[in-house]
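Look at the two complexes coming up: chain A is in both, with chain B in one and chain C in the other.
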Partner chain A sequence: MKRNRTMMITFLTPALFSFGLVFIYPILRTLAMSFFYVRTVTDGWGKWEFVALANYQKLFASSMFIQSLKNILNIWLWGGLVVFAVALIFSILLTSGFKGKSFYRAAIYLPNVVSAVAMATMWIQYAFNSKYGLFHTLFSFLGMERLASFQWTSPDNQFLAMTLAYCFGMVGYYVLIFMAGIEKIPVDYYEAATLEGANLLKKFIHITLPLLRGVLRSSVVMWSVTSIGFFIWSMMFSPLDPDVGTITPMVYMYNLVFGRNLTPTDPQLLNAGAGAAVGVLLTGLTVIIFAMVNLLIRDRKLQY
Partner chain B sequence: MTTRKFSINRQTLSRLPGYLILNFWVVFTAVLIGWILIASLSTTREIFTNTLLESGVHFSNYVQALITHNVGRYFMNSLFYTVTAGVGIIVIAAPCAYVLARFPFPGNRLIQNMFVGSLGVPQIMIILPLFYLSSLLRLTNSRGLLVLLYVCLNVPFTVFFLMSFFSTLSTSFEEAAAMDGCSPVRTFWTIMFPLAQPGIITVGIFNFIVLWNEFFIALIFANTSDLRPLAVGLYTMVQSMRYIGDWAGMFSAVVIVFVPTFLLYIFLSEKIIAGVTGGAIKE
Partner chain C sequence: MLLALCFLFPVLPLWAGGAQEAEDAVNLVYWSMWNETEPQAMVLKSAIRDFEKLNPGVKVAIQWNGREIRKTLQPALDAGTVIDIWDEDLERIVKTWQSYAIGLDEYYGQSYPTTGGKAFGDTTMGSLQSLLRSFSTDGKIYAVPYQPMVLVAFYNKDHFAKAGIAKAPVTWDEFLSVCAKLKAAGYIPMTIDDAYMELPLGMHLNRVFGNYEAVEALAKDKTGRLWDDPRVLRTARDFETLARNGYLSPQVESNKWPAGQQEVATDQVSMYMLNGTWLPNEVKGTTGPDFPWGQFAYPVVDPAIGASAGTYGSQGFQISKKCANPDVAFALLAHLTTGKWDQEMAANTLGAPMDTGMDWPEVISDCKAVFGSLESWIPWSGGLAADTDAFPVIKAEYTRLLAGKVTAEQFVANIKAGL
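Right, the complex of A and B next:
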């Protein structure tokens, strides 16, 4: 037993130490920092200036920050509805004895293994291009001139373009998760329902959806976490200056703290404390969403 | 015979819209990637005039990207970060997962919950103190720092993933080893670790893809042309495209970025898919 204890301590220590180093210590320090004015990230305790909630007030007074929250809310809600609907339809189709199931599943998931920077470059530089782009060529070929001349990457439309390209890739991840969930549901249920004369829609509403509760719940949490951390696609769609149309809280914070491109709308110079406050707000948002999802989608222990 | 034929037809018919949408989706992905491949072998002029490959195949775009645009160096950086951090994660996470999965002790549950909870923490909640700490220790802009961060940040998920593999193994292995006088540490590395190999390989591949594509941490901690991994390198290249104007070279760089994970995926898609669903769906 004593030998086991030494082993346990030596095995746990590195993992726990690394956890404390990159999670516990930073979380506590960020929390504290959000109540101080800190000019640059590299300033130590001594240079911090206590401002209570001023950082938070400043954030909520900034139209750019409010816009960034609205943007992720829109991605979360509309993007989420579309991604979940499409992924559910695909996974139901693919699990109902579809020929070439593995191939389709693998092909749909593909965008998730490719670097988001590469995917975004493909979309921006090719699919959305107004001279030689895929959509332009396709719609011109079909004679739909108005759609062909649609300016995807213009400031008015780039939020739509960004969300579309992002969601296209995300569908594959949820198809994978939903399919795994559906395949765990015993076939007998569906067979019994078919014998009773239930159609596809009825089977979906009365069997698939209730039994997929747990999977749906963790998927909603997952979708929320990735929406809150939305960063790469936004950086790719407005590479030079953060743009009202595509800015997200993480991009806002990146500019606020590592500020290479401060915008005129935010005359406030570097303030790492406000950056920390963005982090605290987003973490709070994650916790609230997690609690709400747990409350709304109860997970009863299911026995098949 | 006729009724059977009819029922098959009806089933095929009801699935036709599904087939169409799924095929459209797959063809779209193929066109997107296929066009990039062809464009990476054409000249910039041909790309803009929609006359791809008119003057033949230009492999020189790749040479241009690898050498002139520094993509070769970024590639080596990515390979170094991914492989060293990938190994480091396993070395730290596997023993921890083993202890958490097999030895009940006060605080075991708490540690597990902390690790799972950390998966939901937004990166911007932890990035500022990490930047402060690394500048305090004068570690910024070094390869070791990025590897260290990648290891520490990915340990919780890997522990969480590997626990289910260790918990299914029989205790008779350890009992037999203890009887033969084998120390618990040696028992782990020589007997238990190899037994959990399927899980370790799956999570290893999964981590490889995640690290290869990682962007945010690298953007902040390794943003000089010597240290950049591919994702950040491609980002800076796209950013400066309006000055460089070498679109053919840029598309070659895109291909270089996605080919390694793409190939890995072609050969190991079943394992990768098992890794994704195993990490997300737990009983």
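Right, the complex of A and C next:
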């Protein structure tokens, strides 16, 4: 086909201009803002006060910011292990000739359809409540008194409760992705392996896992991005003021930029510049993870 | 002079409250902190429509923002959106948006149809006016308060009567005795939710230190040395006693709002320590209209310091500096916060009226005396929220202390380690 430069420019310019306006400009402005003290996010350039790296220094001197990083690291690692393990098990079971596949696939995916706000409210008020919650009732019925009296939403267990509730909702999403990946693998390989006497585990290790490499890589990247941007569940567990067990960098940033919800924040503590620095750090973290995943899980460009 | 009169003419009927058609329409835009379905919004809407009826030239456009206004107002003002009036928590609006609002001292000196011939300032609680002046940077008034609130302990009067308690506790020792009697009568004495968890600690520290600045200094102290003050350990021991004696609900450490409120509303627990005047309104769906609510101020811990300090405040309206018709805007605010609509607001929200001469709704009637006895102001959380890093640590450790998971000594040591 003959290339028509004028046509290309005509069609691309509006798209590139919009992209620049909506993405590039805010990114550059945020980056610049992170080196300034900016009290509120709408302050004009004239009010910005250059502070060099002071915003970053403040963040790393803040025990709550460090705590928020630890929290997302734990969500990423432990939550990731649980979600990926459970999702893989479900997807292998559902793709191995299981009856009622469509029903179970829909049922597992269902929590993703419900709004996170509704899901979190359900977990907090109806599952974790230590007097009439689901777990309390279930364990009491089974006579497991110690588990029945477990205080899910206390400061000591809040992180566990939040991660559990979050992971529950995320499994279905990855089941869909893994199932699509497994279904792309030719059945012949499995048939051949079965004829050779391979069991389910061996088929998983030697056929499924290597051929799912690309899908797994994308999934790890997606999981990392959602973990780094962890916000709604944290806000639902601690809607007024952040708690040690539930604070994440996004919540920390939100409070720096807009102030706390219940307690009026001293306006002097508001710092949209430091909020921008949190954004820059999170972007950097995402890029690092992306690079590491590409390095560790290489795509072998297998054709099948 | 004639020209000036011509300009004033359309405005005068507004103050007079007459139905005379104004020559030029006056359009006001009000950004509200309420959601349209909340009782406060319903009263405000009716009051505004009433004002429009009395002043045919005036049209008020209302945008119901809900509490998101905390985040959306300032960007909207900076972007040049026309907003003449807005409302939110009194402390927040003055401290955050003073520079966007006009000073109102002059208007406070004028009378309006609903102020009964008195100056507006004479119908508004003096304590709230002092508070308004203390929040602003220049000692002037930048807001019109409404819906006053005070932080108090709530209790079930039936439980007290059945436990043989004749009067609400005034001192900490009396409070302990009340808890003991309630427990002996088979009741769980007290509870609280995560949303209000730190309030008793903040108040107790204020009762032993005598000023909130000392509590703020504790929260801001990165060295931890101030936490070695014996008054801190004494406070922690007082709460340890509550936990050790089993005076708290067994689910207190995991209460996610409103689970604790519901414990009191459903008769399972006798006292809620502490909450704002709005509590009976929040749980009225559960309690019904006849719940025997009682209230008392946080007890005296040190007789030399007493209990004359408390956390109080209100919601408040502000008028934008860019408002083209500030006189009409203030006349509207006077209409909303005095006379008939002040009463309607109090009655429909089970809240306190602004008019000092009026009775408070039965369910919060004890709060009126508490409000009247206050001589100085304590910020929300008693000053513990002054440091955003330390606050979550203090709150978590205090929750553990109330749950009996740590001793008073461990409480202090853990906070020092976490600062």
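Convention: the second predicted complex is superposed on the first by the 278 of 304 C-alpha atoms of A that agree within 3 Å, B and C clash if a C-alpha of one lies under 4 Å from a C-alpha of the other, contacts with A are read in each partner's own complex, and residues count from 1 in each chain.
We adopt the following convention: contacts are C-beta pairs under 8 Å (C-beta built on N, C-alpha and C of every residue); 3 or more make two chains touch, one makes a residue touch a chain.
Just so it is clear, the model here is predicted, and its values are computed rather than measured.
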After the overlay on chain A, what do you see for chain B versus chain C, clash or fit?
clash
Considering only the touch criterion stated at the top, classify A:S63 as touching first (chain B), second (chain C), both, or neither.
second
Answer with first, second, both or neither: which of chain B and chain C does A:M7 touch in the superposed model?
first
For A:P111, using the defined touch cut-off, is the partner it touches chain B, chain C, both, or neither? Pick first, second, both or neither.
first
Which superposed partner A:G229 touches (first chain B, second chain C, both, neither):
first
Where does A:D241 make contact in the superposed view: on chain B (first), on chain C (second), on both, or on neither?
second
Considering only touches as defined above, state whether A:N255 meets chain B (first), chain C (second), both or neither.
second
For the overlaid complexes, name the partner, chain B or chain C, with more touching residues on chain A.
B
For A:K131, using the defined touch cut-off, is the partner it touches chain B, chain C, both, or neither? Pick first, second, both or neither.
both
Touched partner set for A:P26, first chain B, second chain C, both or neither:
first
In the superposed arrangement, does A:P155 touch chain B (first), chain C (second), both or neither?
second
Which parts of chain A are touched by chain B and by chain C alike?
41-43, 125, 131, 239-240, 258
Spell out the residues on chain A that touch chain C in their complex, using ranges where they run on.
40-43, 62-64, 124-125, 128-131, 149, 151-157, 237-245, 247, 255, 258-267, 269
Show which residues of chain C lie in contact with chain A when the two form their complex.
67, 70-71, 74-75, 78-79, 89, 91-92, 95-96, 194-195, 250-251, 253-256, 259, 379-381, 385-386, 388-389, 391-393, 395-396, 399-400, 403, 405, 418-419
Footprint of chain A on chain B - complex, ascending
15, 18, 21-22, 25-26, 29-33, 35-36, 39, 47-50, 92-93, 95-96, 98-100, 103, 105, 111, 114-115, 118-133, 135-136, 149, 151-153, 155-156, 159, 183-185, 188, 209, 212-213, 215-216, 220, 230-232, 234-235, 238-239, 247, 250-251, 254, 257-258, 261-262, 264-265, 269-270, 272-273, 276-277, 280-281
Within the complex, chain B is touched by chain A residues 3-4, 6-8, 10-12, 14-16, 18-19, 21-23, 25-27, 29-30, 33, 41-44, 89-90, 93-94, 96, 98, 102, 104-111, 113-118, 121-123, 125-127, 131-132, 134, 137, 173, 176-177, 180-181, 215, 218-219, 221-222, 225, 228-229, 231-232, 235-236, 239-240, 249-250, 253-254, 257-258, 272, 275-276, 278-280, 282-283, 286, 290
